[in-house]
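First subunit A sits with subunit B, and in the next complex the same chain sits with subunit C.
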Partner chain A sequence: MPTRKLVTRYEDDLALFPDRYHKLGVVAGVVILGLFPFLAGAYGLTVAHAGMIAVVGAIGMMILTGFCGQVSLGHAAFLALGAYTVAILGGTFGWPFWLALPVGGLVAAGVGLLVGPFALRLEGLYLAIVTVGLLFLVDHLLRNGLDIAYGKDYLTVPMHGWFVDDPSGLGGFRDDGLLSGAQKLYFLFLALVLGTAYVSKNVQRSRTGRAMMAVRDRDLAAEVLGVDAARTKFVAFGLSSFFAGIAGGMYAFAHPIVTLEPFGLTMSVGYIAMVVLGGAGTTFGAVWGALAFTLLLPLCEVAGEHLPFPDAFSSENRAVILFYPALCLFLVFEPLGILGIWLRIKRYFMAWPFRY
Partner chain B sequence: MTDGNRALLEIDGLELSFAGIRALDGVSLSVTEGALQAVIGPNGAGKTSLFNCVSGAYRPQKGSIRLEGAELIGQRPHHIAALGVARMFQHPALFQQLTVQENLLLGRHHRYQSRWWHDALWTRKARDEEVAHRKKVEEIIDFLDLERVRKTPVMILPYGILKRVELGRALCAEPRLLLLDEPAAGLNQEETEALARYMLDVKEQMGITQILIEHELRFVLELADRVAVLDFGRKIADGLPRAVARDPAVTEAYLGGAA
Partner chain C sequence: MTEFIQYLVSGVALGGVYALVALGFVVIYRASQVFNFAHGELLAFGALTMVWMTSPAVSEEDMLAIGAPEVSGLGMPWFAALPIALAATGILAALVERVALRPLVGRPVFVSIIITLFIGALLRTAMILIYGAGAMPLATPWDPMGQFNVGGAVLDYTSAAIIAASAIALLAFFALLRFSRLGIAMRATSSDQETALALGIPVGRVFAATWIIAGAFAALAGVCVAVRDPYVDATTGFIALRAFPAVIVGGLESPTGAVLAGVLLGVAEVMTAGYLNDALGDMGRNFHIVMPYLLMIVVLIVKPYGLLGQRKVERL
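Take a look at the complex of A and B:
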C-alpha cells in the first residue's frame, strides 16, 4: 500500500487534507471536539475555554513572530484592547456579542498598525523593547482612562452572563435546556478557533505567508526579489493584533469582570513561549503550543500536590517549579518543539517498516 | 553577439562613494538586449556595488541607470524587480527554512494579482493564481533538474544545488535582465560546466539578457559576448572577450604593473 497518494494536480498539492489519513484525522477531530463538552465537567470546560483563548492568541503571535520574524513583547496589550473594547461596547452601549467581538479585533488591529512603522526601522531586540513600551503605554492609558470614565479600573462583561449557567444572567443566551451556557461558549470558541486556524493556514500556504517568511529569513533578498517588506510587515502586524484582539474579547466572555491584572508582560512572554514550544513558523505549532501550555500548567498543579514540596509552597508555586524546568529541558532536546516530535512520528510511519 | 544592438540597460556616469571611498567612479556601460555581458575585475573593483546600484540596494550619488529608458535610480528594490530585473546573489541568499518550491514561488511574488485578504480567505482567485504560478515554477524545476529536491527545505541542500535554486528563483521572475554575481564561485568543474550550459540555454531559449560578474577568466572569455573590466571603480576596458584579454591595461590590473 502506498504511504502517500500520488499527486496529479497542483490543486491537490495545495489541499488542506490531502489524503485519507488527514481525512480520518478530521473525522476523529470532529468526534472528539463535538463530544468533549458533553463528557467534560465544569472544570474541564473552563480549561478548554482557556485553551481555546490561548490558541487564538498564539496564532496571532505566530503570524507576527513565527511567520514574519518580528519579535513582539506587546501581545498582551492587544489582548487587553480587545477585552476592554468588548466589555465597554457590551456594558455601556449594549452591543450584542457577535458585533462587539470583531470590533474588539479591529480596535486592536488599528493600534497594531500604529506600531508597524517602528518595525520598519527596528529589528530584533530593539523592536521588542518598543513593544514593551507599548504594553506599558496601553496599560497606563486603560487604567487611567477607565478611572476617569467609570471611576474604577475593572469592568463587568455583560456577555459573560449569557454564557454562564446563572439564572440572573442578562438576556439572550440563557440556558434553554438544550445546552448549558458553558457548552454554548465552548462551541462559539470552537468556531472562532477553527476560523482563526483556517485563516492562518491559508496565509501560511499562500503568497502572503511566503512573503512574511522571506522577510523573516532574509529581508534584503526578499526586497530584491520583489517583496515589499514594509507592506508585508504591516499585514503581519495587522493580522496578528486583530487575532490578539479577538482572543482578548474571548477572554472577556469567559470572565465575569475584566481587570488589567492578567494582561501584563507575563502574558506576552507566555505567548512567545507557546509559539516556541509548539514549533515556530507553523499554524500547527501555534495550536499545539497553546494547548500544551494551558493544559500542562494545571496538570503540573495537580502533580505538585502529590510531590514532597515544603508545605509553605502554594500549588501555583509548585506548578511553576515543575513546569518551567520541564519546558527548558524539552526545548533543549527538541528545539523544533512539538512540531519536531510530530514530524518524527510522521516520518516513522511513512518509512515503516524501515527505520529511516 | 546578437544583431539587434538595441540597448536594454544603459548605465551612464555612475558614481557611488561610502564615506570617502569611491566604490564606483564614473562607470558607464551599455548592455545589448539578449546579450551575455560580463563584468570582471580584481577584488574591490566595484562589481558587486554596480549590481547593488542596479537592483536598488545602494543609491549612487551621480549618474543614471535606465532599463529601456526607465530610470532605476531612486526606485525601491521591489519596484525594480517588478520592472524585470532579477538577481542571483554571490552567497546564496535563499530563504533557509522554506522549501525549494516555495523559494521558486517567491521569485514570482511580484507577478501575483491577489491581495492578502484573498489569501487569508483562500478565495478562488488566490487558489487559481497559486496553481497558475506553480505551473511556471514547475517549468523552471524541469529546466534546472530540481525535481528531486522540490519539497526539501533549502537549509539542508548542498552548495552546488543552492546555486541552481538561486538561479531558478531568479528565472521564475521571468526577468528581462538577469544579474549573475559570481555564479561559479565555489562550484567544482562539473557544476561549473553545467552552469555554463544553463546560462547558454537561458540566453538562447529564453532570450534573457544577462550580466555576469566572475573571477574565473576562462569561464568569462568562453561564455560572454562582451566583457567590461572594472578596476578601482573605473571601467578600464570594454569590448569583445578576445580583445579585452589582450588589452595591456587589463593585464596590468590583474597581474600588477610588473607584468
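Take a look at the complex of A and C:
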C-alpha cells in the first residue's frame, strides 16, 4: 500500500479526498449513511438524531478548544440559546424551521462574541470559570425571562410536530408515504452535520485555522509572528457558539418540549469530554468522539441495569460509575484519544508487511 | 440599621464558608497548577462522613420500625469525630492527586479540568453508593436554636461557630505557611518546582501534604455547610460552584485574596438577597445566586488576574 500519493499539482494538495482510499471511504460512507434510516428502527433513528446533534455541538467545541485552545465550560449555554431561539421563533412567531435555525445560531454567536473580550484578557482557568459564570447567567435570564413572558418553565417546539408522525402536529413535513418524519429529520440533520464538518475541516486548513493553532500553541509567540491573536480568538468564539446554537436548534427539533434542565454544566463537560475522547485538534476527533460518547453512555446505562447496584441508583448514576473511570483511563493512557488509535491502525497497514 | 447588621453577620458566616472552600482551591492550585473541580465532592464527603460518625447507632429492627431516613452511624462524640472526618477527607484528596493527577503533569490545562470534573462526578456517585441518596441531618453539639445579641442584631450559635471555625482554620493555615518548615517548602514548591527539587525539597511529599490540607479545609467547610442548612446529601458539593467567583476575584495564586474575596462575596450575596432581589421584580428571583458571578465578571474586566493575583510575565 503506498503511503501517500505523490503531490505534483496544487489542486492535489487542496483536495479533501486526495487518493483512492479516501474516495472509497466516501462511497462507503454515503452508502451506509443513506441506507441507515431505512434499516434502523425508531430507536435507532432517535439515537442517530442524538448522535448528530452531538457531532455538530462537538465540532463547535473543537473549533474553540481543539483548534484555538480556549477552554470553555459554557458551551451548554450557547446550545440553550439556540434551542430557545428556535422554539420561540417557531412557536410564538410561526417562523419556518429553515429560517429559525440559522437565526438561533446567530443569536448564540452574538452572545459568544460578547464573551470574546474576556477571552482576550483571560487565559486558561480564569476563562474556564468565567464561562461557568456565563452558564449560570444565561440560565438565570432564560429561566426568569421565560417565566415573565410565558408564565411557564418549558417551551413547546412546533418543528418537532412537523417531523414526527403525530397527527396533532402542525401540518407540513409528516409521513407522505415516501419518508417518515423521523427519516426526514435524519436527512436534515445529516445535511447539517456534513455542512458543519465541511466548514470545520476547511477552517482548519485555511489561514484562520492555522492562526488558531498558532494561538493555541503559544499566543504570545503567534503575536510576535504577526498573527492577530485577538481577532483569531474572536473568530473562534463566534464560529464555535454559532455551531453550538445550531446544535441547540437541532436539539429543539428533536424534542417536543424544551426545558433548561439538560443544558447544565454536565452537558458542557460532556462536550469537552467528546473533544478529548476523540482526539483534540481535528474534525475527525470531534465526529468520532461525539459518536462514541452518545453511543457508549446509553450502552453503559443498559449494562448497569444488570449489575448489582442499590435501588437508589438512577440509570445516570450507573452510567457514571461505569463510563467515567473508562474515560479517565483513556485520558491517562491515550492522550490522542480515538484519533490516536486510528493513527496506529493506519500506520500498521501502511507499513505492512513490516512491523515497527 | 439592625437589619443591615443582621445581613452583615449572616453574610460573614456565609463568606467564611466560601473562604474555606476558596482557600482549598487556591492551596491546590499553588502547589500543582490544577483547579480541582472535585473539591465540592470532597466537601460533601467530609460532611457525610461526619454525619455517619456522629449519628447514633441504630439496630436493624429499630431502623425498620422508624423507617428509611434514619441513619445508623458510629455514635461517636462530635468533637472526636471532627478531626477524623478532616483526616479522612485529606487522605482521600491526597489519593486523588497521586492516582489521577500526577500522571497528567505536563498535559494541556483542559485535561486536568475534565479529569477533576470526572472524578467529582465519580465521587458523587460513589457517595450515593456508600451513604445512600437521601438527605441526612447533622446534629450540632450546641443548641441549634441558641442566640447571642450583638449590637441589636441576633447572632445564632451556629453562625458564630462557623465564623470562629473558619477564622481559626485560616489563622492556623497562615501560621503554618509562614513559620513551619512545611510551609516554607510549600512556598518554595509553588514558586518553582524544579528549583525546589534541586534544593532537595521532596516535592512529591509537599504535594501530598498540600492536598491533605486542602482536603481538610474542604471537610471543615462541608461540616459548616451541614450545620448551616441541617441536611446534607451527595449534591451538597455543588456549593463549591458558588465559591468559584471568590477564587477568581481574589486571584488564583493568593490565599489572602481568596479569604478576602470569600467574605466580601458572602456579604454581597446576603445583601443582594436582602435588598436587591425584591427591587428587581420577577427578574430578581434567586438573583443573589448569580450576583457573585456578576461581581466576578466586573472585577475581571478591571483586573484580569483578580484582586491579589500575580500578573503573569511571559518570556519567549
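One rule holds for everything that comes next: the second predicted complex is superposed on the first by the 345 of 356 C-alpha atoms of A that agree within 3 Å, B and C clash if a C-alpha of one lies under 4 Å from a C-alpha of the other, contacts with A are read in each partner's own complex, and residues count from 1 in each chain.
We adopt the following convention: a contact is a pair of C-beta atoms (placed from the backbone, for glycine too) under 8 Å apart; a residue touches a chain by one contact, two chains touch by 3 or more.
These figures come from a predicted structure and were not determined experimentally.
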item	value
Touching partner for A:Ala303 - first (subunit B), second (subunit C), both, neither	neither
More subunit A residues in contact - subunit B or subunit C	C
First (subunit B), second (subunit C), both or neither touched by A:Leu33	neither
First, second, both or neither for A:Ala197, with subunit B first and subunit C second	neither
First, second, both or neither for A:Pro325, with subunit B first and subunit C second	second
Partner chain in contact with A:Leu125 - subunit B first, subunit C second, else both or neither	second
Touched partner set for A:Gly209, first subunit B, second subunit C, both or neither	first
Which of subunit B and subunit C A:Val103 touches, first, second, both or neither	neither
Which of subunit B and subunit C A:Val47 touches, first, second, both or neither	neither
Partner chain(s) touched by A:Ile148 [first = subunit B, second = subunit C, both, neither]	second
Subunit B and subunit C contact sites that coincide on subunit A, given as residue numbers	218, 220-221, 224
Contacting residues of subunit C [partner subunit A, same complex]	29, 35, 100, 103-104, 107-111, 113-115, 117-119, 121-122, 124-126, 128-129, 132-134, 241, 244-245, 247-248, 252, 282-283, 285-287, 289-290, 293-294, 296-297, 300-301, 304-306, 312, 314, 316
Subunit C-facing residues of subunit A, complex	65, 69, 71, 73, 118, 121-126, 128-130, 132-133, 136-137, 140, 144-145, 147-148, 218, 220-221, 224, 265-266, 269, 272-273, 276, 280, 309-310, 312-313, 317, 320-321, 324-325, 327-328, 331-332, 335
Subunit A-touching residues of subunit B, taken from the complex the two chains share	55-57, 76-78, 80-82, 86-87, 89, 93-98, 102, 105-107, 109-110, 112, 114, 116, 119-122, 126-127, 129-131, 134-135, 169, 173
Touching residues (chain side subunit A, partner subunit B) in the complex	10-11, 13-14, 198-199, 202-203, 205-211, 213-214, 217-218, 220-229, 235, 239, 281
